[in-house]
């Protein structure tokens, strides 16, 4: 295992142990936070009891839907914009300042159009993630070295085959970055939307637990999300390293 | 020039879509551009609005100071040693993708309701991307600059001030852009719950009382300010990267 | 450990000279010396990469010395170690009688292969950079900088940024930045590698001018045999990795020289001699088929 990997492992474990110690010794009060070990135990109990299973599945489903839509949609929009430079330049400043706008406020509008179901939540997740994918798609397509495209032409490849065999693999690292960011943003969007404005799902469950002073459930769920995000990120991290290593980066 | 006109065209298109949505969905969901503009003008004339505005932007200011100074320090310290940079990057990225809203109850429990919770919430949103970008910036400084500094007998302080910081500035500004947007978002979300003051509260309140025009007007004003500041930073970003390219 | 010393004007071979004198001494006092220097890079799996050595080398004060060798042989490592940018795993380095180990001593200037001009400073500010950090007073800075700008032909570009200049001009900025510090030993690591052939030749002439002006000792690392043959008083030939000095060739050129020295007969002899020594090492280094022989 690489040195950095096990140092990182030690740092994380050390941090968790520190929190555990601070909680046990009362430096961090019980009303504020329960010890990590208790969080883990509580989480295990909750998962076993199945009380939150529906919510978990719902949230995961929402995230997945938003993610797929964001990646596919973002890729398509990014490719189209890349091919229409004038339109791209006109839209560029808006893309760059996109995240400064709070779109939560449009939730009521979405409810009216789609109804009080999963659609507005997925839509918010999608809106969060799609722009990251668009920007990275455009950057990736930008960076394809001209010489590769020329090589394709010299070898008589048509536009579709060029796109599939040359452009896509060449832009892959940047596209991958877009995918990584998209999953992160979709997750954030969905959970935040559920937290603020929903009546079901993980985000809602945490808010509910908080409002009812149910610290134990709340922290168990928070732990669940943290663990889930870490696993997803680790997966992407390892995958990315493989791709980059092959390219000598 | 042409680009400016094109961008204006995009704005016109957006307003047209807005109007269309209004016809489709009705007053209960979305106010027309006209009604929103009218309400925005009223708000701009009212003192209480400015009170809320000041509250939000004061919180934003404090949160930004913490996020920027904190993030840059963390990023720089981690970036200067190869091992710490490698160790820290995935951790920071994981923290970045964590929905910070899940930490919200914890923040409230620590800080209680009010300004400090808002500032904390904004700061945790912004500090991570600033740290990530700073880390990236410092790590990718060309090694030959460090060697040059050693040959020219620079002290540690001179190295940081006259080589590392200037070399990292373009990336730092990119980090600032993202950090600004996210910090603002964090402050607004914070206000939506834990406050009786601020623009986020105004939005939430308007949603609660089904006062759609006010809600849209506040969002519009927020969006305009945020876009202007963000565009300013973007301009700076482009200028700096251009010089280096 | 001596390699053969070849006197290019008489064509006579000599055995490696006696240990006390070391290869290449006899042109003046010794300015810098390396003794049994080895550099082994720590490997990721416990084994190390033996990049350089053992190397013995004396640099005489004021001489122009070049090192040629196949790619990857450790030439840059040699320069790094001599400059104090990296510490030797074994052996010792002395500069002006003092030990050098991992810290760059004052009085040494280095011009790197990569573009080291700071993109956020103008040409003028780049050149003045080292002097200003050292606290030199403004009048002196002004004097030295404008002299260097004139000397390196950068007068029309003093307010420009490096991004607006060609590769050759950026290297000139780096050389000027080194020049104003008035170093006594100048090390150059393939400084003209990124330039086209004509620019290279012209820059070679500039380098010679610089050498004569400053009276500094110069060590040039290069893979271009003609460049080494044209510019140097003495050329060290390095083997494939781990790099060791396997030959030492004297050119006996007059001090006042430029690229037109290529017209001399002995130039051809020197270059072919270098290639004769280097060819096998290069084949080893690049792993190309022996059938090319």
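Residue numbering begins at 1 within each chain, and the chains themselves are lettered A, B and C in the order written.
By definition in this document, a contact is a pair of C-beta atoms (placed from the backbone, for glycine too) under 8 Å apart; a residue touches a chain by one contact, two chains touch by 3 or more.
The structure displayed is predicted, hence computed values, not measured ones.
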Between B-C and A-B, the pair joined by more C-beta contacts: A-B
Tell me, please, which chain's centre (mean of its C-alpha atoms) is farthest from the centre of chain A? C
Chain A and chain C: spacing of chain centres that average the CA atoms, whole Å: 51
CA centroid of chain A to CA centroid of chain B, Å: 18
List the centre-to-centre spacing of chain B and chain C in whole Å, with centres computed as mean CA coordinates. 50
Complex contacts: residues of chain B adjacent to chain A: 3, 6-7, 9-10, 21, 24-26, 28-30, 83, 86-88, 90-91, 93-94, 96-106, 108-110, 177-178, 180-182, 184-185, 188-189, 192, 200, 203, 207, 212, 215-216, 218-219, 222-223, 226-227, 229-231, 234
In the complex formed with chain B, which residues of chain C make contact? 83-85, 104, 106, 108-110, 112, 114-116, 118-121, 129-130, 133-134, 161, 163, 178, 181
Under the definition above, what is the set of chain A residues touching chain B in their complex? 3-4, 7-8, 11-12, 31-33, 86-87, 89-91, 93-94, 96-97, 99-102, 104-109, 111-113, 183-185, 187-188, 191-192, 195-196, 203, 206, 210, 218, 221-222, 225-226, 229-230, 232-234, 237
Of all residues in chain B, those that touch chain C in their complex: 142, 144-145, 147-148, 150-154, 158, 162-163, 166-167, 169, 242-245
